[in-house]
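Next come two complexes built around chain A: one with chain B, the other with chain C.
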Partner chain A sequence: MGAHISIPMYQRAVPQRYRLAGQKCLKCGKVNFPPKAVCKYCLTGAEFEEIQLSGRGIVYSYTVIAGGGAPPEFSEEARCKGKYPVVLVELEEGPRVIAQLVNPPAEGITIGMKVEAVFRKIYEEEGVIRYGFKFRPATSDS
Partner chain B sequence: MEGVAIIGAGQTRYGDFPNKGVKELFAEAYLEMLQSVDQSLDPQMIQAAYIGCLSAGSGFQLGQLAPLLMGHVGLPNVNAVRIENACASGGFALYNAACAVASGKFDLVVAAGVEKMRDVSSSKGRYWLGVSGDTEYERLAGSTFAGIYALMAARYMHEYGLKREHLSMVAVKNHKHAVANPKAQFRKEITIEQAMNGVPVAHPFNVWDCSPTTDGAAVVLLCNAKIARNFTSKPVYLKGFGAASDYLAIHDRNSITRLAATRKAAAEAYKQAGIGPGDVNFAEVHDCFTIAEILAYGDLGFCEEGRAHYLLEEGVTQLNGKLPVNSSGGLKAKGHPIGATGCGMACEIFKQLRDEAKEPSRQIKNARFALSHNVGGSGGTAAVFIYQRGDE
Partner chain C sequence: MMTKNIVSYGVYLPFLRIKRDEYVNALGSCSAAIKEKAVMDIDEDVITMAVEAARDAIADVDISQIGVLTLASTNFPYQEKVMTGTVIEALRLNKNVLTCQHGNSALAGTEAFLAALGMLEQTEQKYALVIVSDSLSADASMDIEHGFGAAACAFVLAKDEPGLEFEGAYAYTGESMGLRYRLPGETSVRDIGVKTYATQAYNDTVKNAVWGLLGQLGRNPVDYSHVILHQNDVKTASALGKKIGFNEEQMKEGLLFNLVGDTGACSAMLGLCQVLDNIASNDKVIVCSYGSGAGSHALSFKSTNQLLKRTKSFKAMLNKKQYINYIQYLKLKRNI
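After this line comes the complex of A and B, so read on.
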């Protein structure tokens, strides 16, 4: 099976995946992430200023993926771990993002819990390890 | 705008057919459709064909599938095109066919769908099934559609008090309905205990919350309503049809406890038909995962958002309830051959509104209006149709 996300395609999104680079609409001031050609809030602004997202947010919803729910490129991870949590996070700056949650709390994940972004290995494809952001429970109340 | 009628409908049984490819499946449904037309019809009168399909046998025929299939059934020269919107491919084929007839351009148009899903390994199947979502972010979080719908379910539970048991009630109901449907993939009942304790897939879902992989095809024949009675005394009128899109990615949507595409498509279809949700006698809705049927109740106006689980508790959507939903067994138990699903719903409604639902036990009586609802992926697209019986 061919690559699902090619190396060049991954490379083009490095600012988002490594640094959580968002775009602030110069027209309405709202923050888009991932990037859009036209602002998803005012639906007209097409000029943006790059801003660094804090990576801090709260869990808006969550799931725990078991083997049968994992895409084939994550099958090995599901096999090793048995299951892994995926969270939809509402960031302080407004946008929601989806990613895995590492070090989930023993008492279980709850909607509303505070999380922060961390840099992790995502998976490997075409012989290249792909890195990017995941989340972990917030280490402080900041 | 011209009126649109359905004068014929046919489908394969849904299931696992190692001896049939997309051509054989399509031909079987097409020939059953021709047989269902009451008066004789010269197939050469058919002018166009819109055929929904996601992957044409997981990629064996990437391009020009529609002329391949029409040539296989003796119509090599019609205006044939494949329509793709993931799981809503069939619904969008039907929508485009309906628009083609309504425009007055064509009088006789085929709307069809086909999918061959059982030829490939489970890992390749999961590959194909995930790449219609937001591949850059959702997929790289390690999620397929099961995980995305699971995020919707968890939020719905948090906001509205939906319980795990309510999800299972959808699966139990739809399996029960499929028992009497000769076209269904899984014709067996399951218990609520079974449905609540299956192998985990994506919390809160287990395997009983998920529709299966399925081979199948469905074909309906649309006709200008003015000449429908030349072919049958029992046409079924397509009174309203709506379709809409939304952001593909769950993280781009304001609300994840409703599908904006369904709401917009439903509003368009109701307005065109001149009826409201209270006039619908029965419906086929898109239950790819159990939560999807629950979201559909609110999005189609059958209840207020957040109150769908009360419809389940009260049995309103059971076959003998006030508003039967998924009399066919739904995607859960009738099966979900991606591209065929939207047209398969039209086949079920065509039979029901003509009082031809084969097994008398599953015939819905005295129905006048019906609705079908087909969703692409996790709600990136949706199509909604309103049907009216024509023998009144």
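After this line comes the complex of A and C, so read on.
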């Protein structure tokens, strides 16, 4: 029996998926997420300091996946919910990341809305649960 | 002598709730005396809830000083796998923390708590993290399913740091057959459906644990400001509390069943979290768990200092919710 995914590749990505581990370029100071071999901003820095991203950010853009538009690993979720939102979040530290938005507000998603990262099951394949981050409307002010 | 204290705690309640009325409308009745209960979303399980509760608990704690992690649930997503590993990665804990997992009954929550107290002696580090996360499941056709909820809570225990000081524990365990159990490979809890026997076993076991603890510490029920008993429903727990000698005032803040449902291993520990939101200095607390089969652990605490301030109050979490209907509930449970 084998696996559909590359185990070393998945294994390497665990810190970034589970807790948003980013890297700060020691040359230009910009924060890369997901981590890179060479800084995507200065294109020369190859040494980094690992930093823990806060998970807080704002909605930069979003879309709603519906009507059979979900990739196979998310089809069960799409069947259950009918539709689900995907957001492009600009994190406090700078990077922009794509993830699902859970508990979307009834009044609708707005650009600039504050969100925070939450630990969820992303999908399940070959009986293996892939955990990772999604976002939810910010609750820390409540 | 070293004291061990709860210095911080965290809670996670799923955002989704279903009201009792939904059961009544769909099935004609609801066997559980709930007002509403918490329901996990399709992408949640006890591990995701555990991580969220733990993040809440460790927000202001130096995690490099955590040397012990204990994790409890009756409903882990894998029957075999080291799930503390997932939690360690998600929380960025030291990989050399001493770990253990507890399951198999609703007693798992206090088992994990007691284990952490013992394991703290085996580490140079200052803190232990206890996480109790539970979600119960039974077939939609079973009456017992109606009350099954979900929640998680987490506690940071510290050596010699003021907070909620652990004073002692008393256990009472014996055989009580066929009341609530689950066979290997099954996802649904079985229940013999004879409430009289279930209540009798609960009453005897919990009463003996609490009385044993009071005797051991030379105390009376009036010495306690708060008492939190495991809840299979509010009525039975309240009636037993009164029989032991506690009054409504002492019990009211620990009663959560009617708002979140039966949270299994979490039940009594979650009640403790709500109590801790408003605890006063010198208050004494009894927490008593129960697992069908049957066993009970009574734990005694004394408040010696303000606990770490939390950003979210328990009440705020209870109020942050979205209601779903029974069809949506069945879809989330993958029944349809």
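Operating definition for what follows: the second predicted complex is superposed on the first by the 131 of 142 C-alpha atoms of A that agree within 3 Å, B and C clash if a C-alpha of one lies under 4 Å from a C-alpha of the other, contacts with A are read in each partner's own complex, and residues count from 1 in each chain.
Just so we're on the same page, a residue touches a chain if its C-beta (ideal position, glycine included) is under 8 Å from a C-beta of that chain, and two chains touch if they have at least 3 such contacts.
All of these numbers come straight from a predicted model, not from anything done at the bench.
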When chain B and chain C are modelled together on chain A, clash or fit: fit
Touching partner for A:139 - first (chain B), second (chain C), both, neither: second
Included angle at chain A between vectors to chain C and chain B, based on C-alpha centres and rounded to the nearest 10 degrees: 150
Partner chain(s) touched by A:122 [first = chain B, second = chain C, both, neither]: both
Contacts of A:41 with chain B and chain C, given as first, second, both or neither: neither
Chain B versus chain C as contact partner of A:13, first or second or both or neither: first
Which superposed partner A:64 touches (first chain B, second chain C, both, neither): first
More chain A residues in contact [chain B versus chain C]: B
Chain B versus chain C as contact partner of A:83, first or second or both or neither: first
Three-chain overlay, closest Cα atoms of chain B and chain C, distance in Å: 12
Where chain A meets both chain C and chain B, residue numbers: 77, 100, 122
Contact footprint of chain A on chain B as seen in their complex: 123-124, 126-127, 130-131, 135-144, 146-147, 150-152, 154-155, 158, 199-205, 207, 247, 249-252, 256
Residues on chain A engaged by chain B in the complex (per definition of touch): 1, 4-5, 9, 13, 34, 40, 60-66, 68-72, 74-75, 77-78, 83-84, 86, 88, 95-100, 111, 122-123, 130, 132
Sites on chain A touched by chain C in the complex: 14-15, 18-19, 21, 52, 76-77, 80-81, 100, 102-103, 106, 118-122, 129, 131, 134, 136, 139-140, 142
Contact footprint of chain A on chain C as seen in their complex: 15, 41-45, 47-48, 51-52, 55, 77-78, 86, 89-92, 311-312, 316, 320, 322, 331-332, 334
